[in-house]
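Just so it is clear, A, B, C and D label the chains in written order, and each chain counts residues from 1 on its own.
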Amino acid sequence: FQRCVGMDALNSLHSTTFEIDEKHGTDYHKRFLEFVKMVQKENLVIGGAMTDPKGDRSKGPADQDDPDLFTRIVDKDEKGIYVSGAKAHQTGCINSHWIILMPTVRLTENDKDWAIVGAIPADAKGVTYIYGRQSCDTRSMEEGDIDDGNAKYGGQEALIILDRVFIPWDKVFMNGEYEFASMLIERFTCYHRRSYVCKTGLGDVLIGAAATIADYNGVPKVSHIKDKIIEMTHLNEAIFAAGIASSHQGQKMKSGVYLNDDMLAQVCKHNVTRFPYEISRLAQDIAGGLVVTLPS
Amino acid sequence: FQRCVGMDALNSLHSTTFEIDEKHGTDYHKRFLEFVKMVQKENLVIGGAMTDPKGDRSKGPADQDDPDLFTRIVDKDEKGIYVSGAKAHQTGCINSHWIILMPTVRLTENDKDWAIVGAIPADAKGVTYIYGRQSCDTRSMEEGDIDDGNAKYGGQEALIILDRVFIPWDKVFMNGEYEFASMLIERFTCYHRRSYVCKTGLGDVLIGAAATIADYNGVPKVSHIKDKIIEMTHLNEAIFAAGIASSHQGQKMKSGVYLNDDMLAQVCKHNVTRFPYEISRLAQDIAGGLVVTLPS
Amino acid sequence: FQRCVGMDALNSLHSTTFEIDEKHGTDYHKRFLEFVKMVQKENLVIGGAMTDPKGDRSKGPADQDDPDLFTRIVDKDEKGIYVSGAKAHQTGCINSHWIILMPTVRLTENDKDWAIVGAIPADAKGVTYIYGRQSCDTRSMEEGDIDDGNAKYGGQEALIILDRVFIPWDKVFMNGEYEFASMLIERFTCYHRRSYVCKTGLGDVLIGAAATIADYNGVPKVSHIKDKIIEMTHLNEAIFAAGIASSHQGQKMKSGVYLNDDMLAQVCKHNVTRFPYEISRLAQDIAGGLVVTLPS
Amino acid sequence: FQRCVGMDALNSLHSTTFEIDEKHGTDYHKRFLEFVKMVQKENLVIGGAMTDPKGDRSKGPADQDDPDLFTRIVDKDEKGIYVSGAKAHQTGCINSHWIILMPTVRLTENDKDWAIVGAIPADAKGVTYIYGRQSCDTRSMEEGDIDDGNAKYGGQEALIILDRVFIPWDKVFMNGEYEFASMLIERFTCYHRRSYVCKTGLGDVLIGAAATIADYNGVPKVSHIKDKIIEMTHLNEAIFAAGIASSHQGQKMKSGVYLNDDMLAQVCKHNVTRFPYEISRLAQDIAGGLVVTLPS
């Protein structure tokens, strides 16, 4: 479950480590390439852990009352570094093999200790997971065979607590170069916002389901039903279009990887934050009351 | 739980029984007034049961393969009538004392047997309830005290199966006057669509919750947050406005009850089928990821 | 042409002058009532002149480079006061008999000289009008009889330049009580935003025109055409509903006039800034290309 | 002015003539290639004339009261054919060198006479132009230098009346193959709807203008202004994205030309029929009243 966030982390680190090295003479890019080789060879699932709890959003990491509201370096020795803090909303972290920790906001010189990127095994010492709830999540544990498809399993997000988690030097890909935090975040989100195009798959299922219910109801040819299915399709394909266009306008970075177009990735993301609500609304309109009241 | 649908049924029957009597010389209105007296005296909760399962929506009641897809008279004797069929999506029926059965679509002469209105006790012989599921409905049965307000109880909709349910003559308020079905439905929905104004109460709670989270996050003064809360309020008050305006433009019916304005009641309903999606979207935007991933 | 802005000015001054007098012991309310008597007796059209050019919107009146960007007192004597400045976007001012000058932004103590309300005859000495253009405004001067209704006349907005315009004391209704500027503006806009309900009249004409073109095209019964006309009607009536509801929830002020509900007046205004665009879009969709390309 | 419609006509005829020939053994494709050679050699502007007046939209060409409501063949001889009828809303036809006539609706066997494609010089015998009006079209003839850019010229649409216009055989590209009308129309509109991406150029100008006015007003950094400019940009780029994506997903036709993706071209078109209204609304919000009332 969920390889996309990790892939976005790998892609954005490819170019960012290259550009940090270029400026600072570090060797993050080489370390990073070694890490990628391992990932590919062992076919590992990577969790991309960017989002910190963030506390008071009007303040940066160094100004919070509690320094652990953003993940940071707390110690280092010749073998590596030790990090504490937390990562929130981590999709699929529990079924990942490795997790890449990255900063989540633009950092200033004061925030140097928070300018940390590194990879840890998901079961590293000092890592605690607090499992998040999802809507109707107990349903897959109920009896009955009315649910179809992936009826027995679900995704998951968790809150990760990090308590002096060790990262050896060869798995550290940023350490104090605070001015590169925003570059990493912007490239990560650029990839990630374009990847929301996956939500059109859910849209397709919903469109198909709505059309099937209209068939059952004897109204598939009714004009307003067709109009609504066309509108659902329009909205869904508009999301798709923005994703495809963003990729098509991609640019080669200095390190050799491609980065998709930023503005169009934002368009994709904005569409995804809007259209699924309208697609659902139309699906519910077509389906009638039973979506809400169906016995199981 | 839920007195509004029953009230809409009582209001619309007040004027419709009066106008049936006027044309057909029947005495439904008198019977109906007696029923209302009992309801008021005993403070009864009334379920308004209009919606039939309807089967193939391209056909009327008489043309369905299965005649029980719409509720109809199946027998009568000197004491009263016997009805069979079903009513779907019945809010609060299980906690109601009495249920009023009403037709759900415009009827033609062929559909005479389906032109039935009558009141039955909720536990009448021949009535079976199939309880409907609701999103996260098992949650109120879980342990923990994170939920607030009405944490232990929930609403309910059920499918009601009617198998030769007896209705004595004094509880029959329409019997065969098919041409009055649409009048009853239009008046019922006119009241009911205006009553959706209640959804603005949920909206108010959501607006308050969103504002509270923004406080917690340290961003209550941030301009885009304020704009979003204003927009949520605008949409919520737009629903409210349509309801109030519909009542204000109400007209007195022949029987003496008032009927709110039909066009503005539709405006209210249309707003309710649209704005809550956008209000929720904005609430989620303000709240951030935790709405989806919060542990419990 | 256009009595509404003047009426809003009169209504909001009724309660505001009363409340200024209450605090400051002035006699503005009495002067104002005398003025209203004259207006009513002579059936005068009043222009409500609130909007100043405002210059740099990040600064208040006293901080502008040019003090005349907001209208202000420049001199006074025993007979009255002298004002200079300008009023922009003044609807119908050229066909008004009298014009009421009012401040346009919340004022601070520094802005005392700008806290002026007074009435002047439209042709007072020192007043210059710069006539504004409107879309297709020369069309009413062209030959041909293809246009219908009010084909030969149009509305107008003008920029009014005020150069030491004299206002006698009995026509001065605020002079330096800067803390009442925001009360006056808020009440004025409260009336005025509710009055935008008039735009639904234009909407009705557009809905009728669209329906007529669909008749000409032979497609009045086509489902998507009907849906679009219903949607146009829904939007138009939603504007109407907010206006009516705002009036219905009106409150009596200390001076005895009623003020409609502020929040719902804002809802009305917001609807008016949005829905007419969608109503026009649908009208153009129904009408086809000829709206844009029709020869005349 | 306006080469795009002609280009869409050429592209769609390339593949359609090829496929007609394939089925019917005709030589339209060869004739067409000769025509294209001339166009390219002489750098001709081509008008693409598809839209007929269409009369009663509930009926096809053969069922209209007036057969000239759709363009059709009225005579033929050994040199060529003669066509009568009309073409409405023809952009740039008056400044074109040649005009390509094409059918505008799906045709049945009865409509054979209307299944005509052919190229005529813009000044061919029997052609009359009725010039269409545009909003504020007389403005470019007024004095003053307040307008900028292309201030002295404008586009134009005209109604073309065709009265026995002769087309020699080598300029006839369809003659009676009615079942290919819908293929031609669908391909033409597929190209054309994608080409609406050009409207984003206008959007860019409007975004820039709105941002400039905000600068003049001293409010460029104000949060709601920035949000509105971002939203304008989002909508404009969403149109762009759909166009680019449609091209990216293009497919090679049998004749060798590429056809962009149909579904995404519709998405582009739908966006264009919606977003510019919202972009304009935001521009007007940012600009304030002066857009409407500015003197000139």
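Some observations on this one:
The working rule: contacts are C-beta pairs under 8 Å (C-beta built on N, C-alpha and C of every residue); 3 or more make two chains touch, one makes a residue touch a chain.
All figures in this text were calculated on a predicted structure; none of them were measured in a lab.
In a homomeric contact, the two copies may use the same or different surfaces; for subunit A and subunit D, over half of the interface residue numbers are shared, pointing to the same surface. Interface comparison, A-B versus B-D: the pair with the greater number of contacting C-beta pairs is A-B.
Subunit A and subunit B, compared by their mean Cα positions, are separated by 41 Å.
Centroid to centroid, with C-alpha atoms defining each point, subunit A and subunit D lie 42 Å apart. Computed from the mean C-alpha positions, the centre of subunit B lies at a distance of 50 Å from the centre of subunit D. In subunit D, 222 are the positions where the chain touches two or more neighbouring chains simultaneously.
Partner subunit D is touched in their complex by these residues of subunit A: 233-234, 237-238, 240-242, 244-246, 248-249, 263-264, 266-268, 270-271. Across the complex, subunit B meets subunit D through its residues 222-224, 227. For subunit A in complex with subunit B, the touching residues are 51, 54-59, 88-89, 130-136, 138-139, 142, 157-159, 217-219, 222, 273-274, 277-278, 280-281, 285, 289-290, 292-296.
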